[in-house]
Structures are given as structure tokens and as C-alpha cells.
């Protein structure tokens, strides 16, 4: 199929990457119901690692089965599916060719007392499992932030050479950051910008709040007279921080919430020029039919139909 | 999208390969108008190397431009496009994500006096260019056949580890083979079987004639009382020789010929259970509109509509 | 011999692994008196490293001899035998072909003050010693947990490429975990799930108690109204946490205990859908005849005969 | 074009380096309006990493776009452009051949609580992106200074072998240094000298103040009766500390300031024999036309025309 | 400086290459008096290897000195200078930054009895010497042609990864080729096409004669009714064979000849759409002033001024 003009335009932003990486970005951007629009809705299932299996899957027990998530992503017409090694290994053969996958190469867990992540997969794993991209998390602000950035540097270089795309989850935490500061507008935009500077192709951050954490940033915002009162305006600022829209940026839904809240968030992402949603717990912790209905509405929102 | 049951069945034949390789086979099998049927029509453009540019492209001068072939393969709804390094490099970025590509890793030319091929690309090239498969030619019968087989061994191993598929062009020539023997039924089946034994995922041979080259083979054929009088029966024998249908086998059209001949050949491939056609000169040496019409008919033949 | 349908089904869960790894899993699953049932009883002898030789072997002095354990595993009709490098080296030749072995690649000892393990073997060791699998321990919760996970990542990748299976001992300890929390249901299920996410083929955890360590998990358990009052129900939850039964999970017997307790535990593992027992001190600290009798009963329990 | 005698002279100072490194130094020294004079004005854009995107780019929003900076450097007739990986990747293809680039290989950020930098790029990245030099920051005085110096050692060695030049940002901070001491004359000269000793080709420091941090240094200065009352005299001392002028040394402008101050600083650098300016925020935080006018004046100052 | 639109267009043809390679192509295309026009005149000095020093340099003894050639290329305003290792090593430092260089990585000599070339340099040499490109010769038709092509494959891959450009000298000889056939139109176009297929960025061939060597090719030429009676038409056919103009193709002057013949040849190259001339013996075997005058006229021809 011909790649759409909008997707061609997006690929042109990744001007220094080889055709292999662009083809894998195209795979994500041409997949599912949003295929060709330049928008993405991705299913991530790393919550089992982050919060344990019961907190992740007990609300909807079929989700204990790795195949459930592959099938959900396919049936909902999503753009891709992201998970750690074991989850991908458990379904990559059954779903070969069905959905682009993103192999999460590092993982944290809530039994840990340190703000770091363990490497739990490799670029060679991503190739043998047929993944389109690798994914890595960094915690800007953490005392381990530089180690995590160096992991990104090394693995992203290897992935790009092998024609894979690179997704960076940038979640500020630790150090001098307040809890509120972790999702503050200035911090969120900063975290997204650093992921772009590290060479990420797709950046994942949390939707920013109206809180401003750093005094220096507040002064600049006030001086530049930019209004960040609406969620869409805040999304637009994060998009701007990602090379003025030259990098794809998706926003996580965070903890399970009510549908109206989710839909409003998606509309804000759309109206602010964000690339889309990466929506895990809100997808797989609902019964399958409800999840499909919810994802249908979110896709319609990105298609401008809801 | 869900991969069709027929494609799932075919992928199950490649049971020892990793999901990456299966995903790339799925890409070829789910692409274009034959996507999902288990049939393939592939455009190969290595004739420039084999016969020189004028003999290849002068009949239809727009074909001198590498982009022409990518676009033809996309517009005709083909399954994939195969070519040597330079041709793929010249369009892989413009057509990233548009069509699965097969990087031909060895090439011969008609200025050469030896029945061998030069390595002209690598698995790393295939990865950086976003190819789904590597392709290699062997000349069973040639004094260089074992060297070429050893190249297949080494590069196929590397490709499979990296999640790529492997296509082997198996063209008997040289040694004790008569010219007629190069396409003899027994020799063709033998060549296809050796490609399967070398670990090829997709095997490309020429449609066999009714000639039998080897006396020993003739005796067996006669004893087993198998009739090979029709082209479809001969195709069926080659398919049988490819692990009883567990390997995909495509047939080349050879030199440009009249349309009726081409269509009859495609029907014989279809009726004999072959996977499809790999059709170069007959595609790109015609004016584009004629080529599209011809490929449309061939696709319809494989779809059982012509 | 034909592999049984049940074992074939289990092997199919390891869909992304190569036939070498599956063959080694099949070796474990087709060995001994439980061969073909999908159940496993494994003899581990790493207690010498963990607790010193006297605490391990003085109760039954013949057990100081490495050959004792190989012979016990063979004579009892067990599925496999796991031990560190020196123990395997001391008997691998005499017992070559007699029993599948698992080379424990890391080891801790009770003279150490840190909650970590030393690497004490390699994948190359496992291959030269004819082992079917490598084994590694992680301590989720420990400040060294991420380093241990990264060892699993690296060595499991290497083992899988070489066609070996991977067994992960997942023993929570350290950090914020209370002593009681180390075997809490939520923590145990979490530890098992992380081993699955790291790509383990066989997961070894301790049988969970009814204690719940994390408040967040308790809320989920209560909300989901799942009863975990019986040992079998708790085992079933751990099995669920291992990809809904797509991963083999064996439970250790822990400290030597009375026979009734051991048998009840095995019945709970069986009734909860666990794969079986990995039973060290309770085997080799008894006189050989008593041990054989005990293992006979446990095997009968898994066979549904006791 | 012939390289000018002045540039030939400068290249002769790098007598132990290979012609590749000299050619890349020549590229920087022959580029733009100062080409051939031995003077340099470089645009660095690493402030997004250091201070976040809003503090860096909100004052002049077009600067959020990476192409903006490449174009500004070209249009202003500068000598080179320095930035971290993502910024270079986002424009290296569009501006291939237009301006020498310096890939910043390490980066710090103001969310971090430690005085270190993360490695965020490689020499291989610099080669594939067509850069003329790598850049690295060290923090003499910091508890991490030796790690950073060791990074310089390793990466500079690799870069020199590949024919690239090496730029070192030497910014004293941490340890026993007072805030005022970070720009003290003795400390600044010391920091510059250490960069030279580490093998840097181009050294970047802040313009020194008249403050003397170390008592030992003050004694020496007094004994030697050298006057450092004027900015030009202090620049001359730093130049002297850089192998008596055998190493190129550029000075940063620091925070945005008024034009008169900037011009005075440039005149002091010129009069003290410094190589030139590396001027980031003062360039890209002004509207483009103002920035071009300012850079025009600065270049004229170095040309002796203002 | 901004790269011209014409050069940007040419760079876009190398769509699969990294920015480093494009920057080096830009260096060649922006250098000298033809800088920015898309035309190239290159000085090659490998004749000492090919024919010995006396036959190469005795007609103009100052040319024995390697510096002579660097200076000639600079003073004549040429695009680049190509030579084997020793010649480049002997001047690369003195002329660092003055002229883009092409390191010839293989070399033949007239004392040899085989139609092959020896590898005499490496990609690492090219980097340490600051070269913009590597150069390799192949002899299509020779019994060693495939070995030479395999050298191109390996070294071109390495060069492209390091951001260098690749120039291939494609000189048919040996095997079934007649002496006249070595410069036959069909053979020349074929040789150029194979260099393009091998992934060359710049292709160097001899200007084709009106002779047609292969019967098969003659038939195609006649059938396609293309007239190749004029030198310009023949050049145009070779350009067409180089991916329809998507690859730069330069023509050698061959043996020293009279000025009128040289100028006519350059006009034919220009009128046929060739990229330019690579002109060795005709440059350095004349006295310097005559050579400069001749090169001035040739450059004017490419500028459309003569």
C-alpha cells in the first residue's frame, strides 16, 4: 500500500535515520484504524512488572493470559503493542504479522526501593521476536537518571543501526522533585525534550498538570505570556518541546479512571496536536467488550468523529 | 489486522524459525491484492545485473529509474519487490513501509565467464534498508555450486537470527548438465529440494519442462507411474519436492513472452499448487499500463477469477 | 518415544523459543515416573552453598558425595537434578544421559552480608556438562535485585540461543519487605510474575502463605472477591500470575518438615494446578530409603494416586 | 581553496594529530565569515538539556525547531554548530555540507542532583551524522570530575583515530569551590589547562573574573607581578594556560545579557588573544533578525571592524 | 554556506545514506570552481601504480612530488583529488582542509600478469587521512571480477557506516571481451550500471565508443531505435544506465591526447548529462601552466562558458 502523505511527512522528520527505522515507524503509523492519519493509540502492558500481577490483572482475570493483550490490540484496531520480554515471547509467534510490537527493554517494580530500572531485554531479542521498536524508560530527576540515559544511548544506537525504532518513556521522579512536580507542565515538557535529545523517535509522557515546579520556568512562562490554563494548551507546549512537532509524542492515561475523563483527555491530546494515547490499565482492566467500546470511542476522537 | 488462517497455516510450516522471521514472511503473505491467500506475486529486478541495463530497460525506458519498480510493485498490488543493493538503496527511503523488499545478496553478470555469483550485499544492509528478506542464487551443477551453498548457509543463519526471511533462487547450470537439462523436471525438482534443504523459506525455480535429464530419475518416474505430461502436474511435483508443500515455491516467467503463454503458466502454477510467480522482465519491459493490466490478470488467476 | 499430547501442549506455550530449548524442556517433562504428565519433581542441591556442608549433609552423611544426589534423582524417578558447578562437574560424566541436569549459574552463601548472588557458572559450562537448563536466583526487593535481573537477561538470552531452558528461582527479600512478607501471597505471585516477564521457562517460588504484604494488593484482592484461604487457592493464584498457566511453576518445600506436611503441600500444589515440587533438604537429609519412600509418595500424589 | 597561512599555522600546533583531525579543524577554521582568520564563533544549543525547553526557547519560539539553529548558524556566517544527538539528528540531513557540526557527547540537566553528565552520543554517531568534532563537558572540582575526564580520554582517543576534532567544555564546579570561585581567574585558567592536558583541540571556558580562589595561586600571581585587572589581560592569561596559545580557546557568553556587555566581552577576547566566542542563549533567545545583527557585530569585532 | 538547490537535489538521490556520507558528497560537489553546479572535475593520480613512475611522471618531472598534485587540484579549482595510500599520506597533512580527497583502496600494476587489483588501503586509513571518499576499481569481465565486487561490497558497507562516500572505477576487461569491447557502448553502460548496483555514489567509466560488443545488446538497441551515433548520445545512455541520472557518473580522459579532443569530450559529457571528468595523465603530464589552462577551459565547458 502507498504510505499516506501525512505519514510520509512524519517520516521525513526522522531525516537522519535509515530506511529500516523509517519502515518500522511506518508500520506503526499505517497499522489499525488510525493507520495513515499520523495518530497512534498503543497498548502497553508493563504494569505486571511495575505493580504486580494482581493489581494489574485481577480486575479482569482473562488479562492474566499474554495472548489476551495481543488479541485486544488487534481487535481494537490499535497501532501497536508494548510489553516486556516474557509477555512478548509468550505471544509473538501466534501473532506474528498481526500487530507491530515494541519490546520494553527495561523494567522497574514496586518491590524495589531504588528509582532505577533493570535491563530485561536486548536489541537482539527485539529482532528475533519481530518487534518494530524497542522501548526504554528514564526517570529524569532520579539519582540513577544518568545511568538510564546511558542505557538509552547505547541501546538506541544499536537499534537504529538494525533498522528498529526507539520509544522512550520519560517519567520524572526522585531528587528534588515534589510529587506534584512529577507531572508539572515545566517538568513534563523538560522530560519530553530530553527524550527527544536522546534520539527517541516516539516519546511517552504523562499529560501535564497546570502546576509549575521550577521557579525559573515559571518566570519564563509568565514573561512569554503563554497561557497554559487548558489541557490542550499544555499538550501543545509538550509537543512544542518535542522539536516543535518533529517528534511523535504519546500520552499515558495513568491510573484507571472514568470514561468521561479519558475521553476529555484524548480530546485535549488531539486538540493540542499530540500524537495519541498509550493506554494500558484503562484498556485491560475493563471487561473486554467495555474496553473495545472505550478504545473505539478514543479512536473516533482521534479521527475527529467523537 | 488478523493474519488469515491460511497464512497462519503456512507460517506453522516454518516451525523452527523465530517470530521475527515469521513476521517477515507474514508481511510478504499479507501484502497487496493476494494478501492472506497464501499466494505470492513478486517483482524481481536483478536483470540489470544479469543482462545489462539496455537489454533490461531499453524496451521500456522509464524502468531505468529505480523508483519505477517500487511504484509498479505497489500499484499492481504485488507481494514484494526483490533487487540488488543499489536498486534498493535508491528507493528504500521514498518507499519505506510501502512494500516488503527482498535484498538480493549475490549477483552474476553476463560479462563473466564463470558460473558463480559475487556477494553484493549483507544482512546488515538488509536490516538498515528495512528489507523483509534476503535473496541468494545458487547454481546447482556448477563447479562453484558448493561455494554458493556455503554462502547461503552463512548468510541464511545470520538472517534468521535477525528475524529475516530467506529466498533462494535455485538455477541449475554447468557441469554435466545439458542446456535442456537446466529446466528438466528431475533437475528442477532436485534444485528446489536442495534449496529447501539449505533452509530456504521461499524457493524460486523455473517452471520445469517435460524433459528428464537423469536416467536414474527417469526410471524412478516410470516405475512410480506418475504422469508429468501437463505443466500443472510438473509444478505439483516441484511443490512435492519442496517438503510436500511445506515450503513456499515461486516460479519465474523467464524471458518476455506473449500474454497467453504467461497466463497459461500462471494457471499451471496455481493448479499445480505452486505459491505464485516472480515475474520480472515480463513486468517491467512492457509499458506501465500494459504491465499493470497483465499483473492484474495474473493476480486474478491466483485469486481463481481468471 | 512420542511426546505426550499434554507435553506437546506445554511446549506450545513456549512459542517463541527454538526447538533446542523445547527439546530440553521435553527432556525434563518426559523424564522419570512423571514423564509425559506435565508434572515435575526436581531435586535441587544448592544448600551446601547456601547453608554450608554440615548444615546440609551431616544429617545424612552419604549426601556429602555428589554421586549420591545423581543416583537418588535417578532411582526416585525424578524429572531433573539442579546444582552448582562443582556438584555437577563431580558427577556429570558418570551420570551422562541418566537424568536431565540444571546448572545453577549463581549462588549465595550465609557467610555473606549482602543480599546478592555470585555468578558461579556459565552457559558454556552448561553445554559442556550436558545440562538441559541453566538456573538463576533473583531476590526481588533486594537492593541488588536489578543486577540479578540483568544477569538473568544476559544469561537467559545466551542460553536460549544455545537451545537450553531457563529456570528462575524468585525469592523476595530485603528492602521494605517484612520477613513474613517474603512468602506473602501477593509478593510470591509478584515474584513469580517477574520471573515469567524475564523470560523464564520454569519458575521456582516458595508456597505462598495467606499473608498479604502490600496494602494496594489487599484492596485489589478484596475488591475482586477472590478467596485465598486454602493453600490450593493460593497456588492457583501463583499459577495464574505465571501467564495464566503458560509457564511451568514449581514450589520448594523449604526447611525439612514432617511427612504429612510435605504431602499436604504437594496435594495443594497439584490441586492448585502447580507444575510440581523442587524438593532438596527434605530429600537428601533423610536416609536414602526414607527419601525414596517419601519421593514415591509425592510422585503418586502428582499422579493422582495418593 | 587554499587554507590561509594563519590557519596552516594553527593546524601546525596540533602536530601529533592525523590529517583527518586537522582537516576537520580546518573545516571549522575555514567556514563562514571568519573563515581563514583563525577566529571562531560557534553556536551551541545544549541549553534545552541543561535548563529545559521553555527556559531555552520560549523567549523566541521559532527556536523550538531544530532546523532554526542550523539555519541561523549558516545565515550568520558562523564557524560551527554544536548540539546533543537529537538536535543534530533532526537536521543533519537537511543541512548536510552546510555547516560543520560538533556532536555534544555528554549532557547534564537541571533536574539532576549530581554534578555529573550522562553520555548521550558516540563517536560512531558523530561519523554517521557527518560531524567535524565531538564535544564533552568536564566539571573540574566535582566528585565526578575524574569519571568525566576518563570519558574524555576514551572518546577523544576514539575520535582522533577516526579523524575527528575534540572540543572540551571545562566548567569548574562542586567540591571545595565557592560559587564565585567557579569563574575565578586561577580556576578558569586551571580548568582550561586541564582540558589542554586531556588532549582537547578546542577548549571552551567561561570568561574569568578578577576573583582569585586559591591562596596559593594568589601568591604566585602577586610574586610574578602580573596584572589581571582588565578582562583582556585575564583572557590572555587563559590563552597562556592553553599551551601559550597552541590550543584554540573559545569563551561562552553565559546568560543572555545586553548588547554592549556582549560586545565588550568579545573585544576583550579578541584583545586578549582568545580564539572567539561560543554563544548560545544570546543568539537564539533573541528574534532572528536581532540575533543576526548581533552576530554580525561580533564577527566584525573579531575581524577588527568594530 | 548554504548548499545549492542543485546539490540538494543530487544529495536527495542518495536517500538511503546517512548524513555523513551526504556531507562528504556535498564537500566534493561544493568544492572549487564547479562548486554548487552539480558538476565535478577530479584529479586522479593512480597512474604511478598502474604504469610505473617514469611512464607517469617523466613527461613533467615536478609531478614526481606528491605535493604537486594536491597543489594542482587546489589551484585549478577542481572538485577533488584521488590517489593511493602513499600519495595521500605524503600530502594529507600539508593540504588538510584544502581539497576533498578520495583514497583509492585497491591498485593494479602493469608488472602483474593477472587482471585483478590488490587492496592497498582501508576505510580506517581514509578516516585518519581526512578523506571524503574511498575509491575502488572493478574489472567486469575479468576472472577476478567477483572478488573485486566482493571487496567493494565489504569496504563500501564499512565506508557508508563511517559517513564516507564511495567511488567505483568500473573498467571492463578480460574474459570474452575484445579489446574494442572494453569501451563498447553496451559494455560501458553495463559496467556503469553494475557499479550503481554495487552501491557506488560516484561512478567512473571511460567514454563509450560507438562499438557494440554483445549481439543481444545490439538487437535491443536496434529494436528500441535509439541512436547512439554522437558521443553525447552515448554519454546520455551511460547516464541513463546509472539509475536514470540518480547516480553521479564521471568519465576518464584516458591516454594523453590533444586539447581539441579533450574539450570535445568534455562537451559531449556535458551535453549528454554526465557529471564531469576525472582527468589524470592529461593534467599532470603537461607542464603546470598548460595543465592549469587546460583545466580552466574544461571547467568553463562544464560552466557552459566554452
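Note that the chains are named A, B, C, D and E in the order they appear, and that numbering of residues resets to 1 at the start of each chain.
Here is the rule we use: contacts are C-beta pairs under 8 Å (C-beta built on N, C-alpha and C of every residue); 3 or more make two chains touch, one makes a residue touch a chain.
Please read all numbers here as calculations on a predicted model, not as lab measurements.
Common neighbours of chain A and chain E, by the contact definition above: B, D. Here the chain at the heart of the shown protein, by mean C-alpha position, is A. One simple way to say how far apart two chains are is to compare their mean CA positions; for chain B and chain D this gives 56 Å.
A separation of 36 Å divides the Cα centre of chain A from that of chain C. Within chain E, the positions touching two or more other chains are listed as 15-16, 18-19, 161. Interchain contacts give a graph that is no line, ring or star and is not complete, per the touch definition above. Working note: touching chain pairs come out as A-B, A-C, A-D, A-E, B-C, B-E, D-E. Listing the residues of chain A that touch chain D in their complex gives 13-17, 140-141, 143, 145-147, 149-150, 153, 157, 172, 175-177, 186-187, 189-194, 196-200, 214, 216-217, 220-221, 223-224, 226, 237, 240-241, 243-244, 246-247. Chain E contributes residues 1-3, 7, 11, 18-27, 29-32, 74-75, 92-93, 95-98, 124, 127-131, 161-163 to its touches with chain D in the complex. Those residues of chain E whose C-beta lies close enough to touch chain A in the complex are 15-16, 18-19, 161. Against chain E, the residues of chain B that register as touching in their complex are 48-49, 51-55, 57-59, 61, 64-66, 84-94, 107, 109-114, 116-122, 124-125, 128-129.
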